[in-house]
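Structures incoming, each one as structure tokens.
Across the two complexes that follow, subunit A remains constant while its partner is subunit B and subsequently subunit C.
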Partner chain A sequence: MTTAVEIIGVRKLFGATTALERVDFEVGAGEFVSLLGASGCGKSTLLRIIAGFESPSEGRVRIHGEDVTRLPPERRPTNLVFQRGALFPHMTVRENVGYGLKVKGWARTRIDARVEEMLALVRLEGFGDREPGQLSGGQAQRVALARALASEPQVLLLDEPLSALDLKLRQQMQLELRAIQKRLGATFVFVTHDQTEALVMSDRIAIMNNGRIVQHGTPREIYRRPNSVFVSNFIGATNLLRGTVDTRNGQASLQTGSGSYVIPATEMHLESGQRMVLSIRPEAVRLQGEGARVNGLVTEIIYQGNNVRVGTRLDPDTIFWAEGRDDEFDGIAVGDTVALGWAEDAATILEDDGT
Partner chain B sequence: MLPAGIFYVVFFAIPMLCLLGLSFWRAKGFELIPDFTLENYHKIFTSPLYRALMLRTIGVAFATALIVVPIAFAIAYIMRFVFERRGQLILQIILLSLFSGYLVRIYAWRTILGKQGLLNSTLQWLGIIEEPLEFLIYSNIAVVITLSGLLLPLAVLPLYSAMLNVSRDYIEAARDLGAGKLHTLRTVLVPMVIPGLRTAFAFAFLLSAGDFVTPALVGGSQSMLIGNIIADQFRGIGSNWPLGAGMAFVVVAVMLLAYLSVMRLIRWATRW
Partner chain C sequence: MVAVRKILPAAFICVVLAYLYAPIAVIVIFSFTTSPRLSMPIEGLTLAWYANAFANPLISTALRNSLVLAVISAVLAGTMGAAFAFWLVTIKRARVRATLLTASLMPAIVPLLVIGIALAVLFRGIGMQQGLLNAAIGHVLISLPFVVLTMNARLESFDFSVLEAARDLGATPSRAFRDITLPLIRPSVIGAAMLAAALSLDEFVVTWFNVGNQQTVPVLVWGLMRRGIDPSINAIATVLLSVLVCLVVASNIINRKKAK
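For the complex of A and B:
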């Protein structure tokens, strides 16, 4: 796989504040990569640096091997889909989609054919003569996508394009966007703060925090093997058990206020007395389950339709969540004491970074 | 809408209709005689003086608008897209400058453009010129410069307010799609602020076309505008209200025509 985007040692300062701290990152050609993080983490700044709207304070950006760091946006082989569409209100849908092609000096008939092709791609045939004001939010974002894809950019950048849509439409658009990306074999860099969105759509996710990429990998790698407490908290819900490592008896375990838990095999070097955190996903927790066991007092039962979440108190400071299908928790009531277990290797040991 | 409609009728439509009616009357000495005669209009359209003044007025008004609108556009652009939030501060300063009053500002320009004025003495001090530039005062150029200075703040306001409604996203989207800065200006920003541009042009063009104080104070013997001759019809010896009313209506019609042609031109130049 060739590399589409290379971010090499990019830093960005806005006055005295640092938006990005030395970011090194690559996006492969044909990949769908999400930059995921809370607002202010630097994800949009990084996207704008790739698009050319911000220039990095240090470092370089290459696209398909060409150094574009000093190129203005209009000379970069990238196109951006804006959060709020940014369709030109004084042009029709057709003129919007054809704008970039007209700027490039394409012939009228060629533009028209291409515009029709793009509108078909986003399933808006026959919408060419509409004004942007006559479109629904979902349609407007589809037009914005068609406009950005029309001149076949080498990399398509998307800045939270679905965040203004309601949930149902957003979920539908996620699948559509993914299907379009696969069909075209295009490279997409997608910025979002919505972890589910990132998990559903991406080949790879880069999680950002405080101007850094803290972890990147496939959705599965990131969900199953978060490399920090921050990531395990950010992606999905998790139970965190804090304690000190005990390596006596040949088997590493974590001593916590609520008991001692086996630490699964890890590449990390563990020493007795080290403060660590064990992260266990709620859906890995079973009632009367095999493996590690702990007793908890049921304090909350949250019915979610397809799933039920049960909160149990292990010790005064720790609420432990289990999640599973409705029938798994039949007959349990608040105030019951239940035994909880999980497969040992379903837990992840992490350094205690205080988050 | 209704209160605005009533206001419009009482304070604009009715006085204008009265004036229109008056333009068909006759004057005999200081006496106004109700009539329905086209005599006034006949006089206007056959008078070489009136035609010359009309042409000069259109020229001065166009020149003023051509100076004012681009500068106002640039100032509004900088306020909106460079200074962003701090643009509001500049807005306050511009509003403050309007407090100084119309006549005071004309006199201020006189001290700048005069023979021993600020501009001439600075240029002499810098050694760029030896003798004062005579054409800077009591000339058509002085009228255009002064009118431009007077009307610039007024023209900035509608443009700035129109640009406040243009999200930076649109500018960036155009750049992102391959348009250079000038192309983005022509195909995206200008079409999106046409209402503001229209108002700014109307302020600059129509207010300078109707002005008669500036030519009197900084203009020369050949700088009289149509407003001066109309004003003369309404005051003092030799006044002729019906003739003045007729002149005023011809001016309204001509200015409206000129204004609409320019709007057409802008629309054509920014077509996509």
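For the complex of A and C:
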């Protein structure tokens, strides 16, 4: 796979505040990569640096091998889909989609053909003469997508384009976007704060925090093997058991206020007395399960339709969540004491970074 | 008691409105009446005072001068104020922006008398003869803050991401300005320019100190009034009033359309 975007040692300062701390990252051609993080983590700044709207304080940006660090946005082979569409309100849908081609000096007939093709791609045939004000949120974002794709950018950048849409529409657009990306074989860099969105759409996710990429990998890698407490908390829900390592009797275990837990095999070097955290996904937790490990007092039962979430108190400070199908928790009531268990390798041992 | 409590506010509102509009109504009505004096009941209706007014060469010259000043104010204050407001909103630091905005609005609360005298002294100091040019400079000065204020209000809601979108799609900054910015802000600029024209048309104080022996409509009317009230003045005032109302209403409509 060739490299579409290379970010090399990019830092960005706004006055005294650091928006990005030395980011090194690559996006492969044809890849759908999400930059995921809470607001203020630097993900939008990084995207705008790739687009050319911000220039890095240090470092370089290369697109398909060409150094674009000093190029203005109009000379970069990238196009951006803005958060709120940024459609030109005084132009029709057709004029919006064709604008980039008109600027490039394409002939009228060729523009028209291309615009129709793009509108078909985003399933808005027949909307060409509408004004942006007459479009729904989802339609406006589709037009913005068509406009950005019309001039066949080498890399398409998307800045939370679905965040203003309601849930149903957002889910539908996620699948559509993904399908369009696959069909075109295009490189997409997608910024979002919504972890589900990133998991659903991406080939690869880069998780950002405080101006750094803290972990990147496939959605499965990120979800299954978070490399920090921050990531395990950010992606999905998780149970965190904090304690100190005990390696005395051959098998490493974590001593916590609520008991002692086996630490699964890890590449990390563990020493007795080290402060560590065990992360266990709620869906890995089973009632009575093989080798029940904790006893908890049921404090909450949350019915979610397809799933049920059960919160149990292990000790005064720790609520432990189990999640599973409705029938699995039949007959349990608030106030019951239940035994909970999980497969040893379903837990992940992480350094306690205080988050 | 209940009835009084309900009627009292309504009556008060009526009195205030009557107070606000009665003088205007009087001047409009008497511009159409046959009697040369302000007296009731009205004897008959006529357009003679209008014919009279426009037949007077002094009045038609004054009207022409006033229109020239209004057009100059509209064009210069409109473009300068629009450009100023546009660059103002692109300033990222909020405090700098607020300070510059306040600085540009301050002249609006300086008494016109002070501005008028200051300009007269200044022009004299640099050896500029009093005349229409001096008055024009004064008019642009006093309408500029109002143009900046209305433009700023419009531009605060301007979505600058559309300019970025244009750049992103390959437009150079000047192309983006021509294709996107200009068509989008044009209605606001025209609205603000009309406001500047309206302010210029009835400006008296600054004009009087700087226009020398030239006449504008307000200056002329003031001169005529000193020799007693001629019903032609009612006619001129009514014409001026209708032009101003048209300008302000048009300016509002244009601005409202933009806001949608």
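Rule of thumb we're sticking to: the second predicted complex is superposed on the first by the 353 of 355 C-alpha atoms of A that agree within 3 Å, B and C clash if a C-alpha of one lies under 4 Å from a C-alpha of the other, contacts with A are read in each partner's own complex, and residues count from 1 in each chain.
Everything that follows uses one rule, which is that a contact is a pair of C-beta atoms (placed from the backbone, for glycine too) under 8 Å apart; a residue touches a chain by one contact, two chains touch by 3 or more.
On a predicted model such as this, the values are computed, not experimentally measured, just so you know.
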| item | value |
| --- | --- |
| Fit or clash - subunit C, subunit B, common subunit A | clash |
| First, second, both or neither for A:A51, with subunit B first and subunit C second | both |
| Contacts of A:W106 with subunit B and subunit C, given as first, second, both or neither | neither |
| Overlap of subunit C and subunit B interfaces on subunit A (superposed complexes) | 51-53, 72-74, 78-80, 82, 84, 86, 88-90, 99-100, 103-104, 147-148, 151 |
| Complex contact set, residues of subunit A against subunit B | 51-53, 72-75, 78-80, 82, 84, 86, 88-91, 95, 99-100, 102-104, 147-148, 151 |
| Partner subunit C, residues of subunit A touching it in the complex | 51-53, 72-74, 78-80, 82-84, 86-90, 99-100, 103-104, 133, 147-148, 151 |
| Subunit A contact footprint on subunit C (complex, rising order) | 159, 161-162, 164-172, 175, 179-180, 183-184, 260 |
| Residues on subunit B engaged by subunit A in the complex (per definition of touch) | 167, 169-170, 172-180, 183, 187-188, 191-192, 272 |
